[in-house]
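Should a chain be cited, it is by its letter among A, B, C and D, assigned in written order, with residues numbered from 1 in that chain.
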Amino acid sequence: MIDKTVASAADAVFGIEDGSTVMIGGFGRAGQPVELIDALIAQGAGDLTIVSNNAGNGDTGLAALLARGRVRRMICSFPRQHDSWVFDGLYRAGKIELELVPQGNLAERIRAAGAGIGGFFTPTGVGTDLAQGKEERVIDGRRYILEHPIAADVALISAYRGDRWGNLVYRETARNFGPVMASAATVTVAQVDHVVELGAIEPESVVTPGIFVDGVVAVPPRRWVDHGRFVGGVDIDGEPLEVTR
Amino acid sequence: MIDKTVASAADAVFGIEDGSTVMIGGFGRAGQPVELIDALIAQGAGDLTIVSNNAGNGDTGLAALLARGRVRRMICSFPRQHDSWVFDGLYRAGKIELELVPQGNLAERIRAAGAGIGGFFTPTGVGTDLAQGKEERVIDGRRYILEHPIAADVALISAYRGDRWGNLVYRETARNFGPVMASAATVTVAQVDHVVELGAIEPESVVTPGIFVDGVVAVPPRRWVDHGRFVGGVDIDGEPLEVTR
Amino acid sequence: MTGLGRVELAQRIARDIPEGAYVNLGIGAPTLVADHLPDGLEIILHTENGLLGMGRAPEPGAVDPDLINAGKQPVTALPGAAYFHHADSFGMMRGGHLDVCVLGAFQVSSSGDLANWSTGAPGAIPAVGGAMDLAIGAKSVWVMTDLLARDGTSKLVSECTYPLTGVACVSRVYTDRAVFDVMPDGFRVRELLGGATVAELESLTALTLRDRP
Amino acid sequence: MTGLGRVELAQRIARDIPEGAYVNLGIGAPTLVADHLPDGLEIILHTENGLLGMGRAPEPGAVDPDLINAGKQPVTALPGAAYFHHADSFGMMRGGHLDVCVLGAFQVSSSGDLANWSTGAPGAIPAVGGAMDLAIGAKSVWVMTDLLARDGTSKLVSECTYPLTGVACVSRVYTDRAVFDVMPDGFRVRELLGGATVAELESLTALTLRDRP
């Protein structure tokens, strides 16, 4: 029997090595696999390259990983958010490298890695500073630059439901980078709100087929807080969230 | 109010002009938009370039369009099937041009057109006759060839359910080329088994968002026959299909 | 002459969006346009983080942490909405499927170049997000901005001095003083707002402006 | 020496597929492997036309026209199955996510080149389908074939004379007489079948074969 469920987030991130490239799903807080990141922090791997749209919010999740000095390099599109003070400090102090990639090129480069594409011509970024050093070509009268795939050793993502074959569905805009990251990493681990029976996810509605997923970890019901302050919200079953602090 | 539903297949194909490039969904008979093709035959446009995985089955659908001499050029991956005698005859008689594309490159080239990618490096076909004349490049030690997008004036596809915004879901392996073709054509028309109320398709499960769709036509319940012979099957509601001939 | 306020400008832009349009409102000020779309018209909003059919902000008690817009603010989804992943979402943009996107700007050049992602200031944290994808992605790229920056300089320029977001991509600029079309030979005044005159605009921008046809 | 029959060969191949493997069986003879996978082991079958978790052929009364395999034969879907579109399906292949694919062959060269899509005969209708994608797409590309073509010539060759499907892509060849691994220095006999000897195989193929280690 195939069983990709993993007992704990700690077990799921056990094998991540120093120097790894780790993709972390999420757009802001939506879809950020906080429990897996916490487990990675506890696990201790360092000298990491992190691929994620943002560079952490507040002092938790990815920001906490950054604060521990575990990250050598960030590949992301938007590290500057109102609550990204951890990254800001490291960057200004010269303690972290940054590869800035337009968001759509980031998503497409990750998809390319997952789909075996060696490179692609994109119109995004043409004529800008972010095209410096990149090959440019005019195709059918339009200017494009050549971008290359971004692959990873590990992807840590967050989904809504998963089964023991690793099939995943997401919830609303928390889907974001999860599906492409799952396809682009040697090992993909998904934290999910619910592990369900095989067959409970409608085959027509599977978003990430299990072929892309190596581990599925159930995590406790989520809370939505901002710097420790409850900012509203309902949980995945529609119940109001409790104030946690 | 946005209403993309169209009263008839004839109305849906009304504007197709001589010389157009028309994508036709389907893999074999699954997902082939037979009623739209019939309407195209009746409509009369000729000198067409057809993009479709196969080159018609039996004497109906795409095969009937070919038989009428309406197609100048086929772009497909697999024109040779046991029941593709119409294409066979035209090809051997030199009456139709063929661009043969490996199936995955075909799908990816169509996707590229829909996603604004100017070209991409693929490992499929490297070192084969189908790579002749194509740019080759070694990237990270692997050989790739450069492929370019395939766009169309019109895509004719078949889906299961559609709503008035053009959102579509498909059924099983009849999904095949529908979603990528919908994205790659100036005008996309989908025939559907059922038009449903807006909101009846779960937003998490939409496969083709309405942004890619211009017309939705309801067609009568389908039959599954092979050269006029009933070969089994159930309809979309699980009822046994009647013998139609 | 008194310029239009942000809300009035958002209302003005909203009037130019036809029913059935697929529209992305970026982040920041342009998102105000959503609140002024005409009632009863169906206009479908796209947000880069994977949603078509975005609705208004939720009631305070109904905030859903998984349902946000590009600015990471809570939103809702309309009946007929669809979710998709990031590669699909940006494929929609890059593939030219959006009818309109509305963006902010530091500068717009007379050839339609846009600068809106970086002031190039040393020490600033660079961040681009979806700006470059949006700039090249929609059929019509509109800019919503004050005509003048806080230091009084014109945001309409002959050539951008800030780092570019996209080249020759802007087709129209909605400012507090006037609406401009970007034509092959430069800016053309489309509509005067708040009592401005073409002469005043030329004085403020130091540009030669074509007037309405 | 008597070669294995098709069914026995399919059984032999099926024994080498481990539980949990993602496997594509192409079209034609390799699809027989599906019928001989060990009961009780979960092996997930991929079909290029958009399905993971393909099951066996349906009962005659339960044929579903929308649910077919790459050979356009009716199939079923298992609990845990997933449907996806063609670009995603071939992304799975090209991206190296399939563990094994099993293909037929006209010829396999000692460097692992595969020829299985065209005999190059004048007047034949060219058709490639997913053959080239599969050839380069799986972690392990296995070939299932008779050792000899109908005209008695060897399908194992030093260099393919038929048009190539893929270059240096085959890792193992299951024939009716023996199983061969494709090594950096050519074919190595992995297992003799049906009473064959290495000397006989060398005679039939006109190749120098490395024996089992």
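Definition applied: a residue touches a chain if its C-beta (ideal position, glycine included) is under 8 Å from a C-beta of that chain, and two chains touch if they have at least 3 such contacts.
On a predicted model such as this, the values are computed, not experimentally measured, just so you know.
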Groups of chains joined by contact, in the absence of chain A: one piece
Pair joined by the larger number of C-beta contacts - B-D, B-C: B-D
Whole-Å gap between the CA centroids of chain A and chain C: 28
Distance from chain C to chain B - Cα centre to Cα centre, in angstrom: 36
Chain C and chain D, separation of their C-alpha mean positions in angstrom: 54
Where chain C touches two or more other chains at once, by residue number: 77, 83-84, 87, 90-91, 93-94, 137
Two or more partner chains touched - positions in chain A: 108, 111, 115-117, 122-123, 170-172, 203-204, 207
Arrangement of touching chains [line / ring / star / complete / other]: other
Pairwise chain contacts, counting only pairs that touch as defined: A-B, A-C, A-D, B-C, B-D
Interfacial residue positions of chain D with respect to chain B in the complex: 47-51, 60-69, 72, 74, 77, 83-87, 89-91, 93-94, 113, 118, 123-133, 136-137, 163-167
Contact set on chain A toward chain D in their complex: 1-2, 111, 113-117, 163-165, 167, 183, 198-199, 203-204, 206, 209-212
Chain B partner contacts - residues on chain A that touch it in the complex: 108, 112, 115-123, 137, 139-140, 142, 144, 148, 169-172, 202-205, 207
Footprint of chain D on chain B - complex, ascending: 27-31, 53, 77-81, 84, 87-88, 91-92, 98, 100-108, 110-111, 122-130, 143, 170-180, 207, 222, 224, 231-234, 240
Contacting residues of chain D [partner chain A, same complex]: 19-20, 22, 42, 44, 46, 52-53, 77, 79-84, 87, 90-98, 137
